[in-house]
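Quick one: this structure, given as structure tokens, is what I'll be asking you about.
By written order: A, B, C and D. Residues from 1 in each chain.
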Amino acid sequence: MVNLNVNIAGLNLKNPVTTASGTFGFGEEFEDFIDLNRLGGIFVKGLTLKNREGNDYPRMAETPSGMLNAVGLQNKGIDYFLNTIYPKIKKWDTEIFPNINGSVVEDYIAVAEKLNDVEGIHGLELNISCPNVKEGGMAFGVSCPSAMAVTRAVREVYDKIIIVKLSPNVTDITEIAKGVESAGADAVSLVNTLLGMAIDAHTRKPVLSTITGGLSGPAIKPVALRMVWQVYNAVKIPIVGIGGIMNATDAIEFMLAGSSAIQVGTANFIDPQISIKIIDGIKEYCSNNGIANVADLTGALIT
Amino acid sequence: MKRVQDFNVVGYNWLNKDNYIITLSSDSDIENIDPGNFAEIKVPNSPDVFLRRPISVLDVDHGENTIKFYIKAMGKGTRQLGNLDVDSKVNIVYPLGNSFSIIHRKKVLIVGGGSGIAPFIMLASKLIDVSTEVTFLIGARSKGDVFLTDEFNKFGKVLVTTEDGSMGEKGLVTQHSIFAGNMDFDHIYTCGPDPMMKAVAQIAHEKNIPCEASLENMMACGIGACLCCVTPTVRGNECVCTEGPVFNSKDLKW
Amino acid sequence: MVNLNVNIAGLNLKNPVTTASGTFGFGEEFEDFIDLNRLGGIFVKGLTLKNREGNDYPRMAETPSGMLNAVGLQNKGIDYFLNTIYPKIKKWDTEIFPNINGSVVEDYIAVAEKLNDVEGIHGLELNISCPNVKEGGMAFGVSCPSAMAVTRAVREVYDKIIIVKLSPNVTDITEIAKGVESAGADAVSLVNTLLGMAIDAHTRKPVLSTITGGLSGPAIKPVALRMVWQVYNAVKIPIVGIGGIMNATDAIEFMLAGSSAIQVGTANFIDPQISIKIIDGIKEYCSNNGIANVADLTGALIT
Amino acid sequence: MKRVQDFNVVGYNWLNKDNYIITLSSDSDIENIDPGNFAEIKVPNSPDVFLRRPISVLDVDHGENTIKFYIKAMGKGTRQLGNLDVDSKVNIVYPLGNSFSIIHRKKVLIVGGGSGIAPFIMLASKLIDVSTEVTFLIGARSKGDVFLTDEFNKFGKVLVTTEDGSMGEKGLVTQHSIFAGNMDFDHIYTCGPDPMMKAVAQIAHEKNIPCEASLENMMACGIGACLCCVTPTVRGNECVCTEGPVFNSKDLKW
């Protein structure tokens, strides 16, 4: 028997496998394919204070072992989420983490305040790393003072778990991780997408309407894994590892590098059942290797 | 219900060097599929193709458990899909998207070109079931690019335009003489290149005929999870994979 | 007829296709496969003042659409290059660019001084972005003041063309590019490898002896392309574009984004004839698209 | 001269479910290949395999323009290479690396295991040409893992050890009784797992017999361009792909 439970800043997840914001809708989209109750958690689509139409089409480009996206946080706003979507999805026996975004600190505060009293939601993901919005977004996540400022501001109004999502588009991610830790983050999740670009040599135009976009998928896995390892050696708060996880082996690598839990992102597009397969694969790896508690894998890299 | 299912390659029917019909079979039952629904196909053995590819369902046989796709080899993925071994496995996610509306009308026009003609067999057969008379108008560059007309002929009259005049009337579909007449159609369905659909929709609006257009688009997930496949509509940006691919052309802001 | 000539800070290259340092040895390794005289230039293996044994094995890990390396600048030192290797390779009718490295600024200066009077060598690549050495290396390239300092120091002793090779492992590559421009760089080349990591889930150990290494190959192309585009919009000096170029289409994309020339790196391992195929492919693209001068592609992205 | 060449798959000879011999043919002449040389093979149709894979040449037929490789399916690349269609194309860069030294000696011992036995057929045949008596010593886990002995028998005596005793003597190669005797070999060649080669080299040193070992290693380029494949030697780090794969075991610091 393998104990798959993991603990993120006091919150128990039934297993370390969660789904990444923006790649899993609000969960419902996958209801036909998997039993959502089996997931460790769901990080839902990025939310903002007000309705956002997102960027113009095209928003997507396929790249070698990956993709670029420029969705730009299209969503109907936090109130719509709370009034219309959350009532439908709260029935699932899994942790729902809203992913919150803003152009200014006040937006983050307003969204976090609305979430604070929602029963059943035990934590939020503070996204300071979205590369696809003109104002705010990634800008918060690439400077240590602003990352700390937004974390501190949300900390003041939000009593439950704050997971700050870090940008990989920085010189030293440990500096930002330490900053948000000291500003009150309960955990960090990393990485968000790498800023990239695609060009159509035929038309001589950028493929994305926004010229640049966020790179995700297995292409970024080595970079994400390195950053998790660096951050694990720099902070004490738990890490949720993200970036190109396509199978159980990848997930285990992220745990060995220091993740307490992981998020499956782009892989959901290739195989809508992959999250469940990863749970099963981690379990099998643990049984085969005599690991009684999956949590023991966290940071167990032999160096 | 949407499903991920493994199929086996039964075989190919090559229409010319770039166009083919692939037939797949499954050991288990095939889900119900409506005209206009598409599938997200995982291209096997292709080092360059990362994401699935959206392809409309051409036809399905629930007795034999087979499904057919009509594919135009546009790039790496659609080319590799035409190059699989018989009996090799292909994984598809389906049925996806909405479908053309099937309602009894006196006479409807179905206008298409390129790979856009794929949904028309299922569409016409369902329309015939509700006693609607069907006319097809197919546009192509040249005679060699006109496919599936034998199939269409089973359901209704088939009109053709070619840009070089090698078959049917010369010109673009929208230049077909049928549009000059009094156009006694109650409904128009269109699927094909964007400019063609826009022109058809334009005529439909002028003549006050309801028009449904099935859009193509670059998709990552096909199931409404990524929000990559939007098109601007009167209601704001909507996902082609879930709110579409079929739209009332009046709702589109293209 | 297509004119393939391009100009890098006054130096004419017969075409924009050169080979990247560390991926093409000293050229000789490819003599059996291609006519080296056809290349626009060769950026030879990284050189240091003294002999270096490099890092321990394993130095390499395959990753999705890419690879990690941790060679660590193994080379026999600048004197060996000048006395033993250069005399053998100078016969080729192509530009040879030494790629110079150091742990301290004085090392760079010493190597540059030795190269200053070498006839036939018209420029050097100043590598301030190698992630695989403990001291110096990338550290110079991730901070603007140190990147400027080493550039300025080499500028003082080296009279010919200095191409500064930039690190992608930074928050804002335009800042560094502008810095080295003002410090006297004649051109910039980008990108070097992204810092990454690979883990063997079976042994639970890092794959590389150095734990982290440099990611190259098509996986990094979208990031490299984005950085070229950003730098093109920030500096006036020419750009040599690098990162995951596998074919002529990729090369053209880098030119459209702002590169005056490009370097082919990891692709040489997959196909030792790829550099020549890329030259032929660029020529064909130009003829098919009525482009008389390949140089007109530089920055010709339609936005 | 080193070359990049396209070959066609002629067919497979499967030795068991994980071990096979693949035969490839070419329309053009095949370069001269020495025993111990290897090729860098591009694995086709494999989304996960980015780099070429180094594989020793098992045999070459300059009359028929065919080349053979003995491959043990270890992972993605070697598995996919065992799964190609007859007549499909495989691109290889060859001949790479140095080779075993072929010099007249009275009696030599060739010790190997696993996929390390691949170069032994060419090696033995060249040694026979220079009138050297050859003895093979093959180590394996079990009888089912002992391959190519029929071939080796053509050139000399074949001794076997298996860990479970199901064939030949029980134990590791270095525990074979031959090493207890007076060991009248002038030269030892070895290729196989590192620990095996180290143990063989150790015995060779003790008995003062020259020993050549062919190393395996992770390679990116195979032609000395990347410096990824080093092994520490008395002369410093050297590339296995150009200074090796065959080393005088005394030079190795492993």
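In the analysis below, a residue touches a chain if its C-beta (ideal position, glycine included) is under 8 Å from a C-beta of that chain, and two chains touch if they have at least 3 such contacts.
Remember, predicted model here, so these are calculated numbers, not experimental data.
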Key: Set of chains whose contacts include both chain C and chain B   = A, D
Query = If you average the Cα atoms of chain A and of chain C to get two centres, how far apart are those centres in Å?
reply = 34
Note = When centres are defined as mean Cα positions, the distance from chain B to chain D in whole Å is 55
Remark   = CA centroids of chain A and chain D: separation to the nearest Å works out as 47
Task = Averaging only over C-alpha atoms, locate the centres of chain A and chain B and give their separation in whole Å.
result = 36
Request  = Check each residue of chain D and list the ones that touch at least two other chains.
outcome  = 49
Task = Give the residues of chain C that touch two or more other chains, as numbers and ranges in rising order.
result = 61, 63-66, 217
Inquiry  = Taking the touch definition from the header, please name the shape of the chain graph: line, ring, star, complete or other.
reply    = ring
Task = Please list, in label order, each pair of chains that touches.
result = A-B, A-C, B-D, C-D
Ask   = Across the complex, what residues on chain A touch chain C?
value = 61, 63-66, 68, 142-143, 169-172, 194-199, 201, 203-206, 211-212, 215, 217-223, 225-226, 229, 244, 249, 252-253, 256-257, 285, 300-303
Ask   = Mind pulling up the chain D residues that touch chain B in the complex?
value = 45-47, 49, 85
Query = In the complex formed with chain A, which residues of chain B make contact?
reply = 1-4, 42, 48-52, 93, 217-232, 236-237
Query = Which part of chain A faces chain B closely enough to touch in the complex?
reply = 22-25, 29-30, 32-33, 45, 53-54, 56-67, 69, 71, 74, 217, 266, 268-273
